[in-house]
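Encoded as structure tokens, here's the structure I'll be asking about.
Chain naming follows the written order as A, B and C, and within any one chain the residues start at number 1.
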């Protein structure tokens, strides 16, 4: 119990001191996460949309498969990507192992299915409404996908946020492919894991509090952005 | 009210539609599973001008429109445009009974339609403006399309259907739920389009609308064409017995 | 709006890549979690960088994983404490040569109430026998690490079959030193730990060192440069610079200078 109250003290001290190591770690966490989620959205939205409007044999199988990919175990993904990026692996020549880029790759693999599966559901619902209208306009498949993605943008933002949450909280994959190297690939979650393994529970918990607060701030910020964008779109 | 020159520039079909007339249904069967809608439906729409399709509910009028527009394919038989089986989808504009608009502003809805139709980027804004002017909706340019009144939304879908300069305009009971003022605005635009050379096919329940707009009327009942007549003749003296009863206000069972 | 987003994206991407490519003068050292958790690297590496300008990136994992990573050529130098495994690594051609660097010792830590009655003992094998006899809880790393291998030797010497007791009084965590200590403290179980990890450990609860000072508890650290013949992309020159520095007078002195709470955690002992 004492650890909990200590944790809050630690959290506020760290923030108050603006500890430079902590700031670097937070910055890297945000860089990796936002880059990964952006790429995941660029990939996931069109994939989800294509699956939403597609009508072909085996479609339901693909949908179920995509949904189950949401539950990919991060540590397994990390291991697989390590084997690919390792010097002994097929992509070793890229020398990406133990770099933030490797962490982004791992998180893209984890987050894209989430974004795609949720996007598919959102867009499929919208497609039911717009289908006949778009066919009457003689819209091509690509035009249909673009129309749906743009019109569903606010719901898709929520899908992106789900992906963001997963990426920000993830540790299993990034610790294997990143190596948790100080000043290079150490992020919030891997630092928490490290401090826990050192028995520094209050510090680890304090960092955890900061991480949660960060997530709340990001979500609040995006929420406000979305609201003002909605207002501005219609003057 | 009729501004001929600017209207022509805006509404005249991009390509003359006479090349695709007459439209012929030959032995069209349409069924959904076990449910048979049409068996052996034959009709021909030849002349330019405005053709009205009338008939009691459930007669399949909306389905005829969808077959015309290529949104539905017949189970058997064929829909031909001047002997060709290819439906000129890119030259057909549609107005449905209930307006479906994008979750964007009025202007963006038109811009979207213009983009989908392949209109060059620098032309789109001008065309959208002209259309809004035609519809008397400039003051609503930036308003969210979904927040408009029923009549305004329907007017917008009509403007949208005309955005790509179609040769054929198909309307499915366009003013069914609208007040007289809104109806008048819609009819005005339809007439202007027709005068610029757009072929119009409209399904309507409203005898008054038929008399105001139509050149000819096709009367459909129970999956069969019962009459094709010039509009004023049909409304005064329909050839078919069922049509007479329908116009007199009877329920055709 | 979209222009701003694109700009932001570009900034993020370049920021990441800039970081990764910032300096090419670095090596990757595969080492163990216990070594890292002790804080040794935080003390050692800045000194090395000051002397040579070379940045050292430490990947701290279990001994088994460290050696495996090095076999995969994912490291330039290996620094672990499992002599037999290290010698095999070199014998199999993955490493150039094994050098002694430093040693510390293992200790057995246990709950304040000492259920097995071994506190103060200087005989670890006898203590292990007592723990087994009393069926007192024991948390093992169970992860094939240097510490774990040492522990297995001791049970063998004590003639105790721990496999049979696994899940009963013998608990295998399959984790690193820190996690195992957390688990041990949490369930009141004895743990074999290296002294450095224990001293640096922040969650001791009411645990104390129960057994220490037995010569069998000697824990030797070795450093090996990864063999460029097997791994053409290894940074041999920089890697060797690190190895040589560790066994040099300066390196050895820096190791000796690393203290916590006035205690040395590692004792340099390179005989080259």
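Note that a contact is a pair of C-beta atoms (placed from the backbone, for glycine too) under 8 Å apart; a residue touches a chain by one contact, two chains touch by 3 or more.
In this text the structure is predicted, and so the values were computed from the model without any measurement.
Averaging the CA coordinates per chain and comparing them to the mean over all protein CA atoms picks out A as nearest. Taking the mean Cα position of each chain as its centre, C sits at the greatest distance from subunit B. The centroid of the Cα atoms in subunit A and the matching centroid in subunit B are 47 Å apart.
Each chain gets a centre from the mean of its Cα atoms; for subunit B and subunit C, those two points are 79 Å apart.
Subunit A and subunit C have CA centres that are 32 Å apart.
Annotation for subunit C: no residues touch two or more other chains.
On subunit B, the positions that touch subunit A within their shared complex are 69, 71, 89-90, 92, 94, 96, 100, 102-105, 112-113, 115-117, 142-144.
Across the complex, subunit B is touched by residues 129-130, 132-133, 135-139, 143, 147, 150-151, 233-235 of subunit A. Residue ranges on subunit A touching subunit C, taken from their complex, read 28, 31-32, 34-35, 38, 86-89, 92, 95, 97-101, 104, 179-182, 184, 194, 196-201, 203, 229. Of all residues in subunit C, only 1, 9, 12-13, 15-17, 19-20, 28, 33, 37, 41-42, 57-60, 69, 71-74, 176-179, 181-182, 185, 200-204, 231, 233 touch subunit A in the complex they form.
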